[in-house]
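Before anything else, here is the set of structures, which you'll find just below.
Presented sequentially are two complexes of chain A, the first with chain B as partner and the second with chain C.
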Partner chain A sequence: MEATTSPQAVQSGWAAFWKATRRALTGYTARTLLQGLLTIWAVMTFTFVLIRQMPSNPVQIEAERIVREELVSYEEAYSRAASLFDFDPNQPIIEQYVEYLAKLIRLDFGQSITSAGTPVLDQILQYLPWTVFSVGLGLLISFTIGIFVGMAMAYWRGGILDNVVTALASILFGIPNYIIALLIILILGVQLKLFSVAEALGRVDPTIEPGFTPEYIGSVLSHAILPVVTYVSATVGGWILTMKSSTIATLGEEYVTVAQARGLSQWRVLTAYVGRNAMLPLVTRLAISIGFVVGGSVIIEDIYRYRGLGKFLTTAIVARDYTSMQGVFLVIAVSVVVANMLADVLYGALDPRVRVGKEQ
Partner chain B sequence: MDLQSLASPTGLLIGALCGLVPLVIALRNRTPRPGILGFLACLLSGFACNVLGGLPMILLTVAVVVSYTYTDRDDPFLSRAALEEVDFEETFGAMVTRRLAGLGRTIRAASRALVRNKAGFLGFLGLVFFFVLNIFGPMVIPYDGQPHFYDRRREGAINLFQGPSAEFPLGLDWQGRDILSHIVHGGRALIITSVQAGVITTVIAVILGAVAALIGGLLDQILNAIANFILTIPQFPLLVVLAGLISFEDRFFLAVLLGLLDWPTLMRAVRAQVLSLRERDYVEAAYALDLGLPHIVMREVLPQMISYIVINMIFSIRGAMYAIVGLVFLGMVPFTEPDWGVMIFMGRSQGALFSAEAASMLLSPVIAVALFQLSLVLFTRSLEEVFNPRLRAGL
Partner chain C sequence: MSISDSTILSVQDVSISYLAHRGKVRAVSRVSFDLHQGESLALIGESGCGKSTLNLGIIRLLPKTGRIDQGKILYTTRDGRVVDVLGLSEREMREFRWAECAMVFQAALNSLNPVIRVRDMVYDTAQAHGRHDRVQIRKRMLELFRRVRLDPERVFNAYPHELSGGMRQRVLLALGVLLNPQVVILDEPTTAVDILTQRTILEVLRELRAAMGFSIIFISHDLSIAAEMADTVATMYAGEIVEIGPVEELFYRPRHAYTLGLLEAVPKLSVGAQELVSIPGSPPDLIEPPPGCKFHPRCPFVTERCRREPPPLVEEAPGHRVACFESARVLAHSQPVR
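Entry: the complex of A and B
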């Protein structure tokens, strides 16, 4: 087939191909994708260099541990630690980087340094669901509460509900989440003895066999209650206040007045005219927040001994497990970038006034 | 940055001397009430920060005092002078008085706006409380830093923790030290570092945002890319890594670092604001009238943004405190006692989490941090009113 086409046709074919490629690359979708990939790569490289600049390395940390525990000389401990890990601290950082990048292209996150032989991806997949479950559930609950309560407050503005909930929401919004966690344990657990602190910590009762049994699921849920309650109370105030002001702004719009003048039922105005439009800015924010679900909350997981990705990350940082740290940072960066894209797409889909592609 | 100056008896004297200035002026103008208030304000701020507090307060109180009796002879609406009596060549003294009176009127309007919002005023009172606690508290309650391992143990107790008692209102910590003294002395460094971080964040964000919007082009794109990049890195884990990398013996480094990580959100907002303000009619009118860049920036553009910027600064301060206490809580930065964060860390690692009588050691700093942050958040309500008099209704 190639032979029958004239050189002219081949050339114009190439030109058309290049033109199409250039158009595709300058198109909105491709540009966003490219930008996202670039950002992820930049974050990856930055963290790669950064975490290797931290004082000490995994072998030294392990050697120090051996010295502390077994009273051997540092040299002996060091050589033992070095033989434990498949990691050469003297390898130039550029070589490590190229090796890592080559593996990463095949979606191989490498092996964990401190638990040799375990792929990082497996470990991340083991911890990730717990974080996504607890933080995600908290996010969904607080978003839902925020939408309904905020809208009700805007509707009966100045009433008792409005005043009480505004005060409450400001207080919750003002207090950091780990402070809330500590207060829950101290006041509800220790002082009022509503639950046993020792039993509530952790992420699941280790004596129960994992599986789709009622006991196991019950244990998972009961251990997730404290973190979820913490996440909800730390974020719900923000959602409520935003939804309230957004609804107030929407109530003042002319199309709402017109809808009321047309004699539409209260319910229809509330759902189709006010609610949907007032929710717009919140939905994009929700999409952005989803990106930060994966990062979880390092401190909250530490307080509740809830072994999610945040706890995994702090453990990796303390042990200087470079590949594990790198993997977690990468996962977080990817989820943030994807969530931001999702927010853009959602905003365009929900609000026809916004033409995402047009804006430069 | 010397913000650490403490309350002292010399400061009281300086404050009293400074306070005489507004008092004398007020008595000459026959307006004793603002004069006495001005005297008290100077006395307190001189007491708190010596010359640093006394001298600025002279300016502010004199401005308020002057504004009560000042009428602008050149103002056709206020002056009763006939046109031929008015001398339009203003002397230097007259100009200073006019400016002072203007400042005084602004201060009075701002303080009225401050009181108008109840929640905001509550926040303001909270901040004043922490200010007083940190400045004057150490004069009353000395720091109890020595471990008292045995002499304070109650009979039969297995540890040194003690619940609140008449002698120690907040109880004793794990080393038998007075918790109240730790609360009084432990907040200053934390608050100063947080405020520094908030200010640095705001300065970086405003400058970069304005530059990106005004110069545009490649610089704009680069700044946006950097902002995107920083927003994508998980902040807190990154801080934990950096805490291992950089020594935070000097807390100012920590403030700078927090500032460097926190600016992108505000920078984007400032950039968007400047871009949209540049196109407004009144700004173009100011350009057309050739009013000069300082006038345009200070009088036309900044007033539109100042409320947003200041409120964001408050939130940055709050975020910085969150991060600092969090870092200390995880044991990732070197400890300097006394410090609220260290108290929380120690309380937790010494088992105060599980024993009711030791709870005070954890609860006290936890409540202190929570109250301070709450005051900050509530205070933004009042700030909204101070900077935007049109906003009367609402929350």
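Entry: the complex of A and C
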């Protein structure tokens, strides 16, 4: 009796374990996480191969620099450059990939190729806050303006505000952000001399001691103004137009009329019934935009000499610093994936209709 | 302001128009009727005849392009004062809505905000009218939900999408009487639900009305429901009331060709297989309505006079008013049918 029951018990124990595992893997959260990891891995692999397909490699670039500056033969420059870096361009790409992957699993981003001895992660962490600060602030301002202006336009549809802002927003929406950046420098800085171009560039006045002093914070803010203004003007049009159309759609909903018929105050209808519902699709977009905060600043930071992650990336690309580029791309991929997950969670929290897995 | 004792709502000579690109659409023209305490008035007529516009006009929630051009809407408050709804300030109007005159819209599916729980909409409504005692409100709402045969606790805490169409309609009905209004306007309350749910809603409505004594304005395409629910029926055509009278009068002795047409278009179980007669043509253009009687292009009883002058609304039997020159012929024609 005992002999026959115990294998069965073991078996059913295993069956239960497998069942639980399978359920966990098919569960919504687990599936999303797995999908995210897979996406990050795919992006990582693609960029790994692609950046090595770019013409030249770090050693050749450095050798060319030495040739230009010191008038030595290319062979000599090449051997000097090769000895500077801890990087062998002739190593098979598969070997490089496996080595990189093995390190990455331990969250080691490797060392920078061109500044030998500096961990890529340290550099990223040094540059990242500046970008998150400037682009994030721009996004926040842009989103807030978009929500309020878009709603006002929908309310007074066909009025002067609506017509003027719609035209303006469409124009702004159509101009790429780097053109706006150049126009700001050329027109406001050079022509109208509203600010000194030389002083405005960079991310902070290097002569001021870093710290929680009013001078330092003031300098940080004043240097962030130009990039922030650029981000805002390049994106605000999109937010305004989206919010306007979303609000118009919501205003036509029956439940808004019913809310008015119930005698709710105009303000209550505006906030709890129109505003809240009209914002739903935008909140998702906001979450996704947060993902692009890191990657969306490359050219702007270059134009304004704003030393953030974007500037770091361009420098790395010019020098073909494979590991640094790889690190930045990885950060971008991770933030986009995480932002998408955040958007899902947020939408579920705001709209009960799409909440998943709660009923089970 | 002349108004009889038991009259709650007196609509006098009201015209409503919309501004369209082509011109002014006369959606409601010179409509008058009285609604008495506890009375149930049904408005019948084809789509686009101005029924819904009239009701939105009463609570002054017309779309932006809509305007009330003339008329008075006199309302008798509980303490016996008579006020013109069209003269109320924005704030007074807000207080009037729902507390004095509630409106249950057609297709209740979209009448509730999908991202707000039923209970929050209940509290919202009560608070807008200065009732902040949540415990009290909750108690009353649960009681009303019980009366409309809903599971009170579950519905109170639910999101709209968790309820079926019939349940939502009853939620709205219960919410409509939360503040104990004197007038409840029901715009096609049974359109989007199946026949059994329809029955439940009508029964529930009757019970609520018996218990609370409110008056009803009822919009319906469905003549059988109108016959069942209404004390008085008004036929609307092209923005005008063309016939109004007690329900048996109007249904058994119709005097307007349009009312007769509507009745003949309904299949009758008692008579057996019989050809249905529909009304030829479609409702007229309200920007440039036909001269004379607006129904004349579709009317089988038309005469030369109908094409020239618009018929006035005349009382031909006690409480039965009709705007038709040929009402005697219509009446004579309608008799053999029944």
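By our rule, the second predicted complex is superposed on the first by the 349 of 360 C-alpha atoms of A that agree within 3 Å, B and C clash if a C-alpha of one lies under 4 Å from a C-alpha of the other, contacts with A are read in each partner's own complex, and residues count from 1 in each chain.
Just so we're on the same page, a contact is a pair of C-beta atoms (placed from the backbone, for glycine too) under 8 Å apart; a residue touches a chain by one contact, two chains touch by 3 or more.
From a predicted model like this one, the values you see are computed outputs, not experimental measurements.
Because the two structures share chain A, they can be overlaid on it, and in that overlay chain B and chain C fit beside each other without clashing.
By the touch criterion defined above, A:A116 lies against neither chain B nor chain C after alignment on the C-alpha atoms of chain A. In the superposed model, A:Q260 makes contact with chain C only, not with chain B. Legend: residue contacts after superposition of the two complexes on their common chain; A:A15 is shown touching neither chain B nor chain C. By the touch criterion defined above, A:L37 reaches neither chain B nor chain C.
Using the contact criterion defined above for the overlaid structures, shared-chain residue A:N277 touches chain C, although it does not reach chain B. Centres of mass aside, this uses C-alpha centres: at chain A, the angle toward chain B and chain C in the superposed model is 70 degrees, to the nearest 10.
Set against each other, chain B and chain C touch different numbers of residues in chain A, with B touching more. Once the two complexes are laid over each other on the shared chain, residue contacts for A:D351 go to chain C alone; chain B is not touched. Here the smallest spacing between CA atoms of chain B and those of chain C, following superposition, is 10 Å.
Across the superposed pair, chain B and chain C touch chain A at no common residue. Chain B contributes residues 119, 228-229, 231-234, 236-238, 240-242, 244-245, 318, 321-322, 325-326, 329-330, 344, 348, 353-356, 359, 362-363, 366, 369-370, 373-378, 395 to its touches with chain A in the complex.
For chain A in complex with chain C, the residues that touch the partner chain are 253-255, 257-265, 268, 272-273, 276-277, 280, 350-353.
Interface residues of chain A, counted against chain B in their complex, comprise 35, 39-40, 42-43, 46-47, 50-51, 53-55, 166-167, 170-171, 173-176, 178-179, 182-183, 185-186, 190-191, 197-198, 241, 292, 295, 298-299, 302-303, 310, 313-314, 317, 325, 328-329, 332-333, 336-337.
Partner chain A is touched in their complex by these residues of chain C: 59, 61, 94-99, 102-103, 105, 107, 110-116, 121, 124-125, 128-129, 159, 161, 172, 175.
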